[in-house]
Amino acid sequence: MKVGFGKLGNIGAAPLLEFLLDERADRKDIDVRVVGSGAKMGVEQATEVAQKLLEFKPHLAVVTSPNAGLPGPTKLREILTGGKIPTVVVSDGPAKKAVQDIEKLGAGYMIVEADAMIGARREFLDPAEMALFNTDLMKVLTVTGVFNLLWQEIDKLVQTIAKGEALTLPKIVIDKEKAVAYSALNNPYAKTKAMAAHEIAKRVADLTVEGCFVVKEWERYTQLVAAAHEMMREASRLADEAREMDKAEDRVVRMPHHDDGTILSKQRLIEKPRRPGEA
Amino acid sequence: MKVGFGKLGNIGAAPLLEFLLDERADRKDIDVRVVGSGAKMGVEQATEVAQKLLEFKPHLAVVTSPNAGLPGPTKLREILTGGKIPTVVVSDGPAKKAVQDIEKLGAGYMIVEADAMIGARREFLDPAEMALFNTDLMKVLTVTGVFNLLWQEIDKLVQTIAKGEALTLPKIVIDKEKAVAYSALNNPYAKTKAMAAHEIAKRVADLTVEGCFVVKEWERYTQLVAAAHEMMREASRLADEAREMDKAEDRVVRMPHHDDGTILSKQRLIEKPRRPGEA
Amino acid sequence: MKVGFGKLGNIGAAPLLEFLLDERADRKDIDVRVVGSGAKMGVEQATEVAQKLLEFKPHLAVVTSPNAGLPGPTKLREILTGGKIPTVVVSDGPAKKAVQDIEKLGAGYMIVEADAMIGARREFLDPAEMALFNTDLMKVLTVTGVFNLLWQEIDKLVQTIAKGEALTLPKIVIDKEKAVAYSALNNPYAKTKAMAAHEIAKRVADLTVEGCFVVKEWERYTQLVAAAHEMMREASRLADEAREMDKAEDRVVRMPHHDDGTILSKQRLIEKPRRPGEA
Amino acid sequence: MKVGFGKLGNIGAAPLLEFLLDERADRKDIDVRVVGSGAKMGVEQATEVAQKLLEFKPHLAVVTSPNAGLPGPTKLREILTGGKIPTVVVSDGPAKKAVQDIEKLGAGYMIVEADAMIGARREFLDPAEMALFNTDLMKVLTVTGVFNLLWQEIDKLVQTIAKGEALTLPKIVIDKEKAVAYSALNNPYAKTKAMAAHEIAKRVADLTVEGCFVVKEWERYTQLVAAAHEMMREASRLADEAREMDKAEDRVVRMPHHDDGTILSKQRLIEKPRRPGEA
Amino acid sequence: MKVGFGKLGNIGAAPLLEFLLDERADRKDIDVRVVGSGAKMGVEQATEVAQKLLEFKPHLAVVTSPNAGLPGPTKLREILTGGKIPTVVVSDGPAKKAVQDIEKLGAGYMIVEADAMIGARREFLDPAEMALFNTDLMKVLTVTGVFNLLWQEIDKLVQTIAKGEALTLPKIVIDKEKAVAYSALNNPYAKTKAMAAHEIAKRVADLTVEGCFVVKEWERYTQLVAAAHEMMREASRLADEAREMDKAEDRVVRMPHHDDGTILSKQRLIEKPRRPGEA
Amino acid sequence: MKVGFGKLGNIGAAPLLEFLLDERADRKDIDVRVVGSGAKMGVEQATEVAQKLLEFKPHLAVVTSPNAGLPGPTKLREILTGGKIPTVVVSDGPAKKAVQDIEKLGAGYMIVEADAMIGARREFLDPAEMALFNTDLMKVLTVTGVFNLLWQEIDKLVQTIAKGEALTLPKIVIDKEKAVAYSALNNPYAKTKAMAAHEIAKRVADLTVEGCFVVKEWERYTQLVAAAHEMMREASRLADEAREMDKAEDRVVRMPHHDDGTILSKQRLIEKPRRPGEA
């Protein structure tokens, strides 16, 4: 089965998304194709990306972009759903405004509240700062459960398609409680730290939006977006602390894929992963 | 000008590479297309990826994969160079064995020594662990200067093509000293911390290779690859510490792209970036 | 001159407020009296507190409470302004709704946005947790500049009264930018860390309000308020980090009171404080 | 029942003391009144404070001050015991010299050895430094068990008075072992870290006393008192580390008050607090 | 029984070695003599040291030095084995080349791979830097199990000699797995952190050897050896983190010597140590 | 010139002392001999150690031991001074009682107040704990200036003997201010952190003495000595923090020995060391 990923612009959920499905590159049940346009997300790019992705004839399409309500991302999913490809939109907070539009097309969506906008001001954001923000953000998305939710939902669709059953596309706004429920963290304090990290990450967007769109004086907005990135760095450290807590009790849940696509699981470091239901 | 990225499998240098060229999505001089195959890197995937990428008619191609000497990555660059596209291979340490082959095709290369192999054992590596390893690794690649070197070399090619001048493709093995020279760190202790982080990251591969290919007893290899990931986490913390040192003196160099592609630069947080040569 | 403090219930700004005016207990120009009712803040307590405070015949009254719009705090300031005492209300975010009412009485106000409500659920909050939350919060209020703003505004009133000039009572909502402007931090990254700490502290209230007033299932609200306290602990650590940055350059501004009430200042640790205008 | 608090000057045990009795402001069995004089602790202030406190007719009085042997604190307790109010003195190390005098008046005492004197030198101590020292100190007093001991002893008196039984006022010097016994910490290493934090906090006073009263050269005493505050910051971090240890095993004991004044207890985060003896 | 220690030059395993045998100075079964030559390790020093040590008539000799293949260390062990003293060589990585030579003499050896060469360049190494490198290194050797292995092997020889049984001298290259097996760490993540620390420490030597013997430009080699010491500091912090993990579960294994030389053991902090086999 | 070191038992100042004189093993002006007795420090051991040391005919002797007032250490220095060797005693706090006795023999002394006794209880102290305590302690002694003072005083004697001038042996009690004056730390906050670390280290002895000699119940003394070691770990972390502060400004003073014994110095990492008086 082919899973196609169409990527316009960048959000924290995008760069590693396809690898979450096949973390050791040994799955035999899926083949992945990715087409993207880098940082740009105009209608022109969206059109080209969508067409190429269609040519790969995917059984399922996952499209990622910031703000799924913009014309580019809209065009992307219209072309894909127009091509009868079951399509799931993965996007950030502002995409909530596009939910009705997405549903009308028959597409699904997973909206990541913690996937905060970057501090995109030229006085502040250079390639290194961009990369650091993304590593911090991706660490938060991993530990707080967001990535787990994303790949498990996609896996579910893959299984359903494989069995030839009727598909129900996900319609999920991933908030702090939904995320942490998927985090597989054991220690309840680790969970609260993860939830705190998630909330801080989400609130980063308040400052970047203010710094990028509201405040006009450059000294002020530079300080605002820099403060926002400090928040994300802090959220990342808190997420790391949460995971270390589970290490401290040897209770890190691991859920590797079998090469047949089955999700195994285990908890002790020195322990074999097991299939669901296996003793 | 179109820059095409072909991605087979994953290395730390790959997921954010195209965004490093256009961190605020405002460059007018380049348009980017990415085609990838997710975690798989067989010849079949490579062929499809290469053909689609050719259809985008890029002026320059950058291909990323682990171990560029494998048949898949080899096929990918052969099709691209066969299509007369100037091609640069970005790969990890084992790619050193492919250097002659790459040169024969007239392609360039940038080999990232610190881009260590992940601990790909089913008892250990699940989607979350994979994502965390990559965030740690990408933080190391950012702070130690590796990413700076990569995007600046690609930018140089873009400028040369834009001017219609003769292209010289890069042939670089990025070691600890080359990386740190590009780190733009100011404090000399920050540089030594970055170099230490780079060396630790590079040495991660010794343990993952031993754990994945040499040791057969599962309890032993699980411990080895887990130790390797602890090394990468530590390298990431050390890289973070290096950058904080420059913050502590307000000496973080930032090199944002202008929308015309010029690389600006600045050092104080509250300061406007300047064009090269500008007072 | 007598400064009276009336305290109903607790907010982070309250427990150390009077000591901020006279940190070494050597000021000769003011004498302080405090009357409070502990944790309770009903109308009955407010009435008793106000009457006793009036009996001290203060030249200026500062009243502190959560949510200044509640009946108790309202009664407190009504009695004081009824007694012709210039009165300044210090309260937290929900007090914004009481601003008009405060202005009508001719009182001033300083509303501390970062002074987030505690996670007051019996499953979570015990005396120790209450104390730890307050120490974290007070550290944030100190480093981010909130305390500086509060005591400097009160000092200004004291000076004005001492000179017999006309009083203008403050009307200030202390947000992240106003606070940091008073923080006296030097390093611009320290300022961004302080601003990030301020924002995180303020956002604690979103979770405690949700946990205390919205969510009814005890397992859920316990997790929410616990996550909120983790956020405050993190904000406190970030504030500490900001101050350490200024230590690292020997640039910690200190503003001790002279015993005549003058605010001196200095920056190097080994340096004598100077009067304003002194070389 | 009314509990009165009379506060002269500041010690770490004072600012949050009344809130420790009623951390969620829902106790129906007690009503609290506080009268204080801010930083000053002269006889004049003590007299006024005592008289106002008497007017509230408390069933029990708790008085706080540094060095209970000074004339002001002495006057304060003399007036209260003269008014037949059962009185407990809470003070710091130097108060040990006043123990006989306190006993002669029939008052009780709780002397907090770790409640070290602040570094009260004008070259060093400004409002921000004062506040930070107090937050660090209060964190130490919370985690090491001092606050638990204080509020549980006062609660005991409240219960005894409520039952109309004969009162025995406490006569306790709170040293490192007594404190830690009340800390409710579970992990034995957490206890040793708490004890270490307690000892460091107590030893802060050696340096502040030397810096404030013995050494006359300002460069030397500035360094001494600054070193003392660094010790307190370190003690605070160690206390925090101790508590985190108990979080890491989900063994943080919580002892919330019921609204009838009963001390409940629990240990797991997601668990209901129970009355004493309840299964 | 007399155990003699001959020390030429310094390695991390040397300065505390004799104290590891008798950590509370109460063993009655052994008496220790040490003769050393400080930093120098020439043949002249070796000869004098060996002769004096022989005069003490030890039943067992342990000799420490860097690179046991050099003429000095070679002379030292030749004189001792020539005097019929059972001799064990403790040395660092380069000593592997001397293994055959050592075996020919009938001596034993324990080669410590993690005992990396110091960054011995005058532009970098002064007494303070030397001491700090050694404290970091010794912390790594302690936590990762190296010291445990060393003293337990020597203890075994002591017991054998005491019983008059035939001696088999150890022939051990202590690598990361052998070390961690002796670490007595419980938590499996603590073990992986210890293994990571061990690997980083070992790799320090790559940079110090390059900096001391390969690179000639002083700016470059200064940076290289400084980076190497940052690696060792990091290894030390990671080792500390590993031990704290076992504290967090109250699972720190302790193996004190009884005064009769028996190795006792215990695990809970508040627990009596027991003899082997004791319940 | 020959410098002899006689070592009885262990203190923190002892294990690295001779290496502080010749950190890169290249000094041509001195040759070092060490004779020691391991952990034991009885009169018998002292006699043997002293006699062997005399046989080396040192021009100067440095003797180290805990509590120089005990019979063993006393015998050691008596034999050496009886042999007309200029002798300097290096010992810990309890040695203050031996000062008169040392002076009567014409010997010098350097007493290290921060060199606190270890927690020598069998329930707690095993070889690993002993080693960790010593690494922490040695880090404190390095950064706070104690080691600098020790080796510079010995170097002074070496120079004086080399010139054939009259010797004045040192008579120094190294307290917190004397130590920090030698620390060569630049940042004044680094100095206060170093002083705090020194004070904490010194106070460790209060708890170990109480735990080893005063308290008899094993549960209590185990907790006391464990708390003492936590204090030393904390002092070590604070010392590390102090040094990092100077790194953060590239102001770490380095004082390497030239091979002729001259003490060079430098401050920037990338800078050549200079002789005294050299520009």
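Going by the order they are written in, the chains are A, B, C, D, E and F; count residues from 1 in each one.
By our rule, contacts are C-beta pairs under 8 Å (C-beta built on N, C-alpha and C of every residue); 3 or more make two chains touch, one makes a residue touch a chain.
What you see is a predicted model; the values in this text were computed from it and never measured.
Trainee: Shared touching chains for subunit C and subunit F?
Mentor: Both subunit C and subunit F are touched by B, D, going by the contact rule given at the top.
Trainee: Taking contact as defined at the start, I'd like the list of chains shared as neighbours by subunit A and subunit E.
Mentor: Common contact partners of subunit A and subunit E, which must touch each of the two, are B, D.
Trainee: Count the C-beta contact pairs for A-C and for E-F, then tell me which is higher.
Mentor: The greater number of contacts lies at E-F.
Trainee: If we define chain centres by averaging CA atoms, which chain lands farthest from subunit E? Would you check?
Mentor: With centres defined by C-alpha atoms, farthest from subunit E sits C.
Trainee: In terms of residue numbering, is the interface formed by subunit B and subunit C classified as same (over half shared) or different (under half shared)?
Mentor: Different: when the shared numbers are divided by all numbers used, the fraction is under half.
Trainee: Taking each chain's centre as the mean of its C-alpha atoms, which one ends up farthest from the centre of subunit B?
Mentor: D
Trainee: If you average the CA atoms of subunit C and of subunit D, how many Å lie between those two points?
Mentor: Centre-to-centre distance between subunit C and subunit D: 21 Å.
Trainee: Just the number, please: Cα centre separation of subunit A and subunit D in whole Å.
Mentor: Measuring from centre to centre gives 49 Å for this pair.
Trainee: Find the geometric centre of each of subunit C and subunit E from their Cα atoms only, then give the gap between the two centres in Å, rounded to an integer.
Mentor: 57
Trainee: Spell out, as numbers or ranges, the residues of subunit B touching 2 or more other chains.
Mentor: Within subunit B, residues 188-189, 192, 223, 226, 248-249, 269-270 contact more than one other chain.
Trainee: According to the definition already given, which pairs of chains are in contact?
Mentor: Applying the touch rule to all chain pairs gives A-B, A-C, A-D, A-E, B-C, B-E, B-F, C-D, C-F, D-E, D-F, E-F.
Trainee: Residue numbers of subunit C touching subunit A in their complex, please.
Mentor: Touching subunit A: residues 176-177, 180, 188-189, 191-193, 195-196, 199-200, 203, 206-207, 220, 223-224, 226-231, 234, 237-238 of subunit C.
Trainee: Please give the residue numbers of subunit C that touch subunit B in the complex, ascending.
Mentor: 187-189, 192, 245, 248-249
Trainee: Please name which positions on subunit B make contact with subunit C in the complex.
Mentor: Residues 247-250, 252, 268-270.
Trainee: Any idea which subunit F residues touch subunit E in the complex?
Mentor: 3, 5, 7, 9-10, 15-16, 18-25, 27, 31-41, 45, 48-49, 52, 55-56, 120-132, 134-136, 138-139, 141-143, 147-148, 151, 184, 218-219, 222-223, 226, 233, 240, 243, 254-258, 264, 266, 269-273
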